[in-house]
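Below is one structure. I have some questions about it.
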Amino acid sequence: MTDDHGEPSGRLTHVDEHGKAHMVDVTGKAPTRRVAQARCRVCTSGEIAPFLASTQGGIGLIEEARYAGIMAAKRTSMLIPLCHSIRIDGIDVAIELEEHAFLVTAVAAITERTGVEMEALTACAASALVLLQPVLEVDPRASIEELTLWHKSGGRSGVWQRSDSKTMRGGTANPNRE
Amino acid sequence: MTDDHGEPSGRLTHVDEHGKAHMVDVTGKAPTRRVAQARCRVCTSGEIAPFLASTQGGIGLIEEARYAGIMAAKRTSMLIPLCHSIRIDGIDVAIELEEHAFLVTAVAAITERTGVEMEALTACAASALVLLQPVLEVDPRASIEELTLWHKSGGRSGVWQRSDSKTMRGGTANPNRE
Amino acid sequence: MTDDHGEPSGRLTHVDEHGKAHMVDVTGKAPTRRVAQARCRVCTSGEIAPFLASTQGGIGLIEEARYAGIMAAKRTSMLIPLCHSIRIDGIDVAIELEEHAFLVTAVAAITERTGVEMEALTACAASALVLLQPVLEVDPRASIEELTLWHKSGGRSGVWQRSDSKTMRGGTANPNRE
Amino acid sequence: MTDDHGEPSGRLTHVDEHGKAHMVDVTGKAPTRRVAQARCRVCTSGEIAPFLASTQGGIGLIEEARYAGIMAAKRTSMLIPLCHSIRIDGIDVAIELEEHAFLVTAVAAITERTGVEMEALTACAASALVLLQPVLEVDPRASIEELTLWHKSGGRSGVWQRSDSKTMRGGTANPNRE
Amino acid sequence: MTDDHGEPSGRLTHVDEHGKAHMVDVTGKAPTRRVAQARCRVCTSGEIAPFLASTQGGIGLIEEARYAGIMAAKRTSMLIPLCHSIRIDGIDVAIELEEHAFLVTAVAAITERTGVEMEALTACAASALVLLQPVLEVDPRASIEELTLWHKSGGRSGVWQRSDSKTMRGGTANPNRE
Amino acid sequence: MTDDHGEPSGRLTHVDEHGKAHMVDVTGKAPTRRVAQARCRVCTSGEIAPFLASTQGGIGLIEEARYAGIMAAKRTSMLIPLCHSIRIDGIDVAIELEEHAFLVTAVAAITERTGVEMEALTACAASALVLLQPVLEVDPRASIEELTLWHKSGGRSGVWQRSDSKTMRGGTANPNRE
């Protein structure tokens, strides 16, 4: 179990003994099933439901955002220099409507020697950017908020679950869903 | 000047008369200089300066994040399905250290028929994901916050400047810098 | 007007004087507006409407295919070695249901020194492959048929319109639509 | 053996219980050797042999098409949103000349948890597009026909072989070749 | 004319006033025709002609290397972080056989606000890597030598021509060829 | 042990029985740990240390080159047509300053059915191109030299070590480092 103390300590695994960042060599590790869930919100001062209703492309927008997230997850290693190229076993992106926000949830699963957190976070970020684009036409102050890890399992650190959240408590999405 | 009212209205330019999303045809528009600035924070409950000091790769991390942002901006149209492929004239990403956050600012400039907002936002998102990765090793609750447009100029809507911000007031970065 | 005689003649523009294929140098040409429309069918012995109705993901499938086509058009130069990298001004993909087929139509427009035919054809091919994938689960004999250019305008050769088609006559899509 | 009845039935594996398309989670499956062969024709009203003879780049064109197919197979997951990223063990593209057509055959092999049909089909499509490009200069009515699966083995459904074909009977390529 | 003195001086254009590398903003510059030629050798202790003759794929190898170079030139901005995405007007790669080496020459032309040197050099590097791969099977000591700029024209600095070369004098390729 | 005789012999593994190059089918091979080290120099007539000191971006340049090399290694199969897509377990790029050159060393490790030499060489080439770009501003005659394999282990041929080098003897980098 990874501590959830928020205190930096020890040496990061992606820095070598000379202080140079490099891509961690995972050769010795055994491939195991790992799952990560990430989330974020696309927030606007306007109301989401009428916004979507006013555009016949509303359903298309949700689908566009989901596909963009799935495809971005597959190219995470092209976006994050020190991320390993991994084969994602499964990836899903769900988008829920709230009064003033889209809630984006991405779940990614792998059977690899390294974690899948960055893939889930990258999927969320890409989906959120797709949703943000048309919202900016009517609300240039709209923003992406609390892009964060929500749940992970597998690997050395076992299961970790975000215990609470300032803005996300009471959400309807099931964090245990994979 | 684009209204900053946050109210959805009218028809979105990327939806055609049948309600199908498509890539807007910008043929008729004249190429003009456009600039957009976007920002976000990578927030942790730990302290940023000791975190970086404890890792000799700290400077490398900042550079890695900056390059990842610059490269992500160049592939925005591969991440956002309906974004046009554009030639970015210039892109810069700056990362400032705050007590509990990295403040990421990206400025992108083009001479094109379409805006550059998504490129600046995508650069911020990618840089923030790079910074978030090592922070998650010590604080899995770390998050990316307020990824938002800060300034834009050029195109039909002229200059728009975010007038204030809950979390970003008093920032030291100069929004006029290009 | 390009002749429609189907007889090879003269020297191809992408072959140099020594018979080596290379990427044609278009430096001298002036950028002009060019539009191309391409089409194909994804054919199955089963019935399309019940197939889609039996899957709640049917609407999503259509959207997935459209976005895949749009994104593939933007990376045509990465797929076709001798194609120029161009900025597509607009791209649209429409998918119509027939009794035993999906009819895919892609229209692409540019303001460049070279044609946009390959981008429209590549969009059709990618959309058709996305549609074909789930159909293969129930009909492994399903196929993509008559992937072909339907209309083009702009450039030295002016307007060209496919005058008839064995399988596509009477189609409901408007070839003049851009 | 997969049924070859062409009748939709059951629920597609890439649609979840809520009808949302997602990338199928293949975690539970064991990696096995799978092979798929796909084919298509690039058809023109002109004659292929004189067409190639009239261009010294003819041999280069065949090679260009083969390499484009091989490279496209490796990026199938970037073109088809719900395709898994897989490591292709081997891929080969053969191009045969017929009187009025190029016959393109692609064979792909993997040792993975998911099939390789889309990779073989994508290789065929990309090779065919490369061949089509110069043919369009002399015959804008040229088309890609019968892009279809020809043979597959491995996975749950075992060996499947296309039993006949309207246009491809008597072909010289050996469908058993891997 | 750019000086050819080999002495570092002044401030590099891709470093801003705070010493941070960024992508140079080329907004103010007018697009002009620019051409660059680069070269390198793939050297082996074995003899090239028998090496190619012993493999029926020899001609294919030359074509593979040429296409790889052309395609790499188009993605230079994805490989070199601070390179601008540009539309290459034309690119050609020629490969000549010497007794113990392949001589690779790439010429790239653009009409842009920035130079095309890196595209020509990247094309050479990719072609050379393709040629090196099979040579390594028989001579693991083979190497790529003198990858260097040979000629450039256009832009502020006008025409520059490499005046001589330790290893490349007397070469048969025409540096004026574009 | 691979012979180091520099004499072509036998048939290359990437050429099939008909002399057509294809992507070698590695299905039968067992995944094993393989490591490759490659090197090159970026040579200039100027002095490297003052060159870097004259630019505050000097440290950034080294980091940019290292990240570009790491990212290029991950996309080797997109640059070299017949290379397999592989998951790199670890990749590191080190850059040392010499009086008139940057010495670039890349080490890549995999657990796969095929070698990792091309990935190490591609990383070197990309890092060297990044370093070359600013040097060309002051010395257009600068060049990349002796891009070559230095060490490899794993696979059928076991350990191979370059025994000496015209230009690289006495280097400070440790060829055994992984």
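Each chain carries a letter (A, B, C, D, E and F) given by its place in the written order, and its residues are counted from 1.
Note that a contact is a pair of C-beta atoms (placed from the backbone, for glycine too) under 8 Å apart; a residue touches a chain by one contact, two chains touch by 3 or more.
Note that the structure is a prediction, hence the values are computed from the model and not measured.
Shared contact partners of chain B and chain E, listed by label: C, F.
Between B-C and E-F, more contacting C-beta pairs join the chains of E-F. Interface of chain D with chain F: the two copies contact each other largely through different residue positions, with under half of all numbers used appearing on both sides.
When the contact pairs of B-E are matched by residue number across A-D, D-E or A-C, over half of them reappear in A-D.
A separation of 40 Å divides the Cα centre of chain C from that of chain F. Averaging Cα coordinates per chain places chain A and chain B 17 Å apart.
Each chain gets a centre from the mean of its Cα atoms; for chain B and chain F, those two points are 34 Å apart.
Multi-chain contact residues of chain E (touching two or more other chains): 20-21, 60, 64, 66-68, 71, 75, 78, 81-82, 85, 87. A list of each chain pair in contact follows: A-B, A-C, A-D, A-F, B-C, B-E, B-F, C-D, C-E, D-E, D-F, E-F. For chain F in complex with chain A, the residues that touch the partner chain are 33, 66-67, 70-71, 74-75, 85, 87-94, 109, 111, 178. The part of chain A that touches chain C in the complex is made up of residues 59-60, 63-64, 66-68, 71. On the chain F side of its complex with chain E, the touching residues are 2, 4-15, 18-21, 40, 44-47, 50-51, 54-57, 60-61, 64, 67-68, 71-72, 75, 78-83, 117-118, 121-122, 125-126, 128-130, 132-134, 136-149, 152, 160, 162. Put simply, chain A touches chain F in their complex at residues 16, 20-27, 77-78, 81-82, 84-87, 112-113.
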